[in-house]
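Some structures are shown below for you to check.
You will see subunit A twice below: alongside subunit B first, and alongside subunit C after that.
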Partner chain A sequence: MFFRMLRGALFRQKGKMLMIAFTILLGASLATAMLNVMLDVGDKVNQELKTYGANITVKPKESSIMQDLYGISDDGDIQNVHLLESELGNIKTIFWAFNIVDYTPFIDTKVTVGSDTEAKLVGTWFNHHLELPTGETLDTGIANLRTWWDISDGEWIDEQKGNSADTAMVGKALAEKENIKVGDTINVSSTYGTQALRVAAIFDAGGDEDDYIYTSLAPAQKLANGEGFLSSIEVSALTTPDNELARKAAKNPAALSVSQYETWYCTAYVSSICYQIQEVITDSVASPVRQVAESEGAIMDKTQLLMILITIFSLIGSALGISNLVTASVMERSNEIGLMKAIGAKDGSVLGVVLTEIMITAIVGGVAGYFVGYGFAQVIGQSVFGSAIEMKVIVIPIVAILILAVTLAGSLPAIKMLLRLRPAEVLHGR
Partner chain B sequence: MKKQNMFFRMITASLLRRRSRMLVALLAIMVGATILSGLVTIYYDVPRQMGEQFRNYGANMIFLPAGDNDGISSSDSDRALADIDKNNIVGVAPYRYETVLINERPVIAAATDFSGAKATSPYWYVTGAWPSESGQVLVGEDIAELYGVAQGDEMTVSFVPANTSEVSAEKNADENTKENEKSMKFTVTGILDTGGSDENYIFISLQDMQALTGESAAYDMVELSISATQDKLESYADKIGKDVSAVSPRLVKRVTQSETTVLSKLQSLVLIVTVVVLLLTMICVATTMTAVVTERRKEIGLRKALGASNKSITGEFMGEGMMLGGIGGILGSVLGYFFAELVSMNVFNSSITFQPLLIPVTLVVSVAVTAAACLLPVRSATDVDPALVLKGE
Partner chain C sequence: MSLLELKNVSKIYGNLKALDNVSLNVDTGEWVAIMGPSGSGKSTMMNIIGCMDKSSLGEVLLDDVDISKISSKKLTEIRRDKIGLIFQQFHLVNYLTAVENVMLAQYYHSMPDEKEAMEALERVGLADRAKHLPSQLSGGEQQRVCIARALINHPEIILADEPTGNLDEANENIVIDLFRQLHNEGTTLIVVTHDPEVAEVAQRTIVLDHGKLVKEVINENFNQQNQASEKSAKTVKTDEEKSADKKSESGKKTKKKK
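Let's look at the complex of A and B:
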């Protein structure tokens, strides 16, 4: 009997039930889309912020002071103070390896260009292809870490094309001073030798780098007399904004208690990633580039908070809309409820029939809404960030609980109120 | 005239008599209108507010001496600054660099205006305090480590006039330079951590630098943090380049270019979210209205049976709907403003700009949506034979 009544109600009032299901579908899809976007926006914005370049620099211990105090070292101290090229792969083996998006080695040395102009020559990766021991591959280099460079003439050096050997990119200021053009071959020399480099591009970096020459690692190492040596590594990592714990740890990890240390070590704070890099690169000091690291934290916090508030607000909005409609549709059925009571139905069974009806509608609407919401989330992800939004499993129970709670909250008071009415009055029409 | 009076009386009476049902509809419209006005206000204000957050990246324009000039005089710098809209300037920090000696070793000393440096480099992390008066120095972390100084320590800084060589002065300091050497004692107020080359400098105030060197030389560089788009910055740079020949303004590409990329992404994120939320809310409002009107099929049938024309019934229902839409729209735009203000205070700690144009827009949209939502069910009810409607299907 219960099921016959249920079926009857669901199919006879097809239009009305469809409308409720549709509204619930809208609400559920809104909740799904917003929650998913909100949960993923941190990662996405973090990726976007990578255009600001590296947020960690790795230098040999003791090097920074000596190098910077005496200007560019031309005494060949790369022999004494250096990082090892052979250890580069280690960076992708740390605990937070997955968060390391890009990293690039640098070796700089002072050279003479042409007759007697002194310039800084930097050996680096442009778009180096890495085969990691873990089986992953990674394309990394300054093409990713210097996105703001404007190539005024020529093209980025493409290491994968295989014609990158002995090519160079020259800063705009230096090119103007020396009248260097794309396609020219320049002779650079240091105390350790001479190298002919073909100019592939002239770039405008809007900074000191406009006076530098960039080439691959090998020729630069030869000119610096430091085969297999590096002077610094820049790392671009996805990080979690700093908090009190991270600040405390950054000063001295030894001051933490064991559990604090574990929390810190296993969270992607910039300081813990620095610490882990130092563990795998011999005699290195990894320090956060505060300009990038701090600002990233601030911007990510703000964006996330903004999205959370918008999400909460639209959830409240759709909750109100759904419970509104459910209340309206229950109220409408005062006649039917009156009739049921008049022929002897108990309050409990009336409640049961009406609630089950609405719950079935809600579940149908909610499930359909989840998939529509999935679509909306992907539309947002693709059109804004050009990549898919990761669907979090946690969203499913949240949306389910939300929809059930909202339909219950919308229907229960209305049914209770109708049950309190006298059947005769209701049937008579108030 | 009489007919109009009757029309309004019928509408208001029907709204008041069916109070609870109408409240439901009004609530739905109001929620919709609140979301509309709130989200659009936020959308318009986000670029400005987020732009301010991006100033955390520090200076986005620098002034360098043009041509062969050695420095920028403070009057030239002021003239150049006059070309930039005052309200957009977040901070200005002039810098003057000199090589000084600490324990007979050369160190680069930067003289600046500390309040300006705080604004242009918000990412500087100072352990201790910023210098606030004369005779105080902020020491870069590397230098602090090298000399083993801590907060509160004193250090003697000496300066050798420029005609003696700077870098090599360290070891071959002859008698002559010893005589010219001037020294001052500074108290270390804080240690500076930036993660960049600034950690190898010491920072003192411009006045102290003048006292130490005995000459008021020009600035070597002026850092500016301006809240403006890249295009705007370029136009400022062009203008300054023309107006003040002694100054060569340069954009810090790394900051300006990246800011443009990221900011436009964020803006389109908020835009798309706004559009999706609005779309869904509007449909929600429409279904609620449709439900409320469909419920009254019997009433429509009765009126038709009594001889009302389709047109007058439609008109009356539309009038009712539009009235609800209007009231809901007004309440919604007020609530929406408060909502936007709440979000802005929570996220950015600053007030939101009021968009007066949004009130009429919200009104028009909510009236249009409710009217359209009423129209469909009324149409279908009036099309049917009244006898059938009254009988129930």
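Let's look at the complex of A and C:
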């Protein structure tokens, strides 16, 4: 009979039950969407921020000391102060390898362009295909790290298209000064030789780089007399905003206790990623580009706080909606409950039937709401970040507990009233 | 033998005495009608006898148990085991079929038994409407389901509150015939009514006014009426049922057309 009553209540009052389920669906979908977006927004915003360039620079130890002590950038002999090109792949073997989004090496040297114009020549990767020691592959290069460059004429050099050999990209200021155009061949010379480079593009970086020439690693290494050597590496990594522990570790990792060290090492703080890069690149100093790292941290903190607030408010809104409807629905049934009591139902039996009906409706609404909410999250992901929001498993139990708790809480006042209800009050109006 | 005994019972709400020092005896198997104008205390008395309310003063003995002094839980048990309730507004659960509404009383009493519930519906002439929802039944049919629900657990006493108040004459006669059958089987009947015709068929009528028992009328011709009605019921009942069903059917058709 219990199941007949349930079936009757659920299927013969479809309209009313669907209404409750629909409200629960709305609440659950909102909660699911906001929780999924909130949990994924960190990665999304982080990735978005990567378009503003690298957040870690790796330099040879001695060069870094010179800069730290005297504030001068090292233009010394590459033979003495350098990083090794052969170790580049190691960066993708660190503990936080998956957080390394892009990285590119640099080797720079002074050259003479044409007759007597001095300029800086930078060898780098443009869109380099990398076979990693782990067996994975990565396409990375300056094209990913200088997304704001405006290529006013020509096109990016791309190693994978095979247009990188003896080609160069020339900064706008230098091109104007020397009247260099796309397709021209320029002769660049240094103490160690001369190299003819075909101009593939003129770029506008909006800074010092407008006076530079960018080419592939090999010609630059030849002109710098540093085959297999690098002057620096720029790394773009997904990081976690710094906290006290990260700041303490950044000053001196040795000052951390064992458990603090493990926590720090296993968290994607920019300082721990720098530390791990130093472990795999010989005689290197990896340091965060503070402005970028700190801005990222601040934006991340604020974005997450905003999302948490939106989530909390939307959940409160949903809870009130569900609560009101469930309460109204239970109150509507006072006649029926009065009758049940009049013909001998105990409070427990009445409670069992009413709660089971509501919980079944809540489960149906909640499950449907979860999937609808996941859809909402994808719409938000696509429209705001241009990519899908990852489904977080943790959202399922959170939403389930939330919906059951909200439904129960919404039912409690009404159930309390029903238990106090005397049959005479509803059946005879007294 | 007295099944129900009210001794100086009063029910007081603030300054209002809904029942004022009422005493009454109802014997086992007796058929009593309670009459009186609105606000005379009929429903209050019904609620107290039906274990749905407690008196403020006095004693109410049902089967020698003073129900004015026991807990709500005990009252629920007595209501479930000894009393069958019939309401003017029928009070059927709208999402359960006729047979399920009857089984509901069995469920809270002991064990639901669909066969027995069908027999109860058959007895009130509704076997063919067993799978219908209350919204698919006429008023008379709903009241008959209510009667089937009241008698399914073989209660010692049936309390009917304005059982014919919402029925036409044909359905009223069917309900009275059913009461007569129940009375002849030894069931105690207490019927609250405004309708003198319904009160006249009872063995005894008591009249309440302003909470006081003001009049008691014994129906001297009860046995003759009962026998005559029994004889005529055998021939007329089927016609009345048919006419009541026809009326309710035509009523439904008219509604549909509208």
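The rule is short, and it goes like this: the second predicted complex is superposed on the first by the 415 of 430 C-alpha atoms of A that agree within 3 Å, B and C clash if a C-alpha of one lies under 4 Å from a C-alpha of the other, contacts with A are read in each partner's own complex, and residues count from 1 in each chain.
Here is the rule we use: contacts are C-beta pairs under 8 Å (C-beta built on N, C-alpha and C of every residue); 3 or more make two chains touch, one makes a residue touch a chain.
Remember, it's a predicted structure, so these values are computed and weren't measured experimentally.
Q: Would you sort A:Ser329 into first (subunit B), second (subunit C), both or neither based on which partner it touches?
A: A:Ser329: touches subunit B, not subunit C.
Q: By residue count, which of the two partners contacts subunit A more extensively, subunit B or subunit C?
A: Larger number of subunit A residues touched: B.
Q: Answer with first, second, both or neither: which of subunit B and subunit C does A:Ile394 touch in the superposed model?
A: Neither partner.
Q: In the overlaid three-chain picture, which partner chain does A:Leu427 touch, first (subunit B) or second (subunit C), both, or neither?
A: Only subunit C is touched by A:Leu427; subunit B is not.
Q: Contact-wise, after the overlay, does A:Val289 reach subunit B, subunit C, both or neither (first, second, both, neither)?
A: So A:Val289 only meets subunit B here.
Q: In the overlaid three-chain picture, which partner chain does A:Leu132 touch, first (subunit B) or second (subunit C), both, or neither?
A: A:Leu132: touches no partner chain.
Q: Look at A:Val384 in the shared chain and tell me whether it touches subunit B only, subunit C only, both, or neither; answer first, second, both or neither.
A: first
Q: Check the residue A:Phe22 against both partner chains and state whether it touches subunit B (first), subunit C (second), both, or neither.
A: It touches subunit B, and subunit C stays clear.
Q: For the complex, give me every residue of subunit A touching subunit B.
A: Residues in contact with subunit B: 16, 19, 22-23, 26-27, 29-30, 33-34, 37, 41, 45, 48-49, 51-53, 57, 64-65, 68-71, 147-150, 204-207, 287-295, 298-299, 302-303, 305-307, 309-310, 313-314, 317-318, 320-322, 324-325, 327-329, 331-332, 376, 379-380, 383-385.
Q: Tell me, which parts of subunit C touch subunit A in their complex?
A: 43-44, 46-47, 50, 52-53, 73, 76-77, 79-81, 85, 87, 89, 91, 93-97, 100, 103-109, 112, 133, 149, 161
Q: Quick one: in the complex, what on subunit B touches subunit A?
A: Its residues touching subunit A are 20-21, 24, 27-28, 31-32, 34-35, 38-39, 42, 46, 50, 53-54, 56-58, 105-107, 121-125, 142-143, 145-146, 167, 193-197, 199-200, 250-258, 261-262, 265-266, 268-270, 272-273, 276-277, 280-281, 283-285, 287-288, 290-292, 294-295, 339, 342-343, 346-348.
Q: Write out the stretch or stretches of subunit A touching subunit C in their complex.
A: 1-2, 4-5, 8-9, 12-13, 335-336, 338-346, 349, 422-424, 427-430
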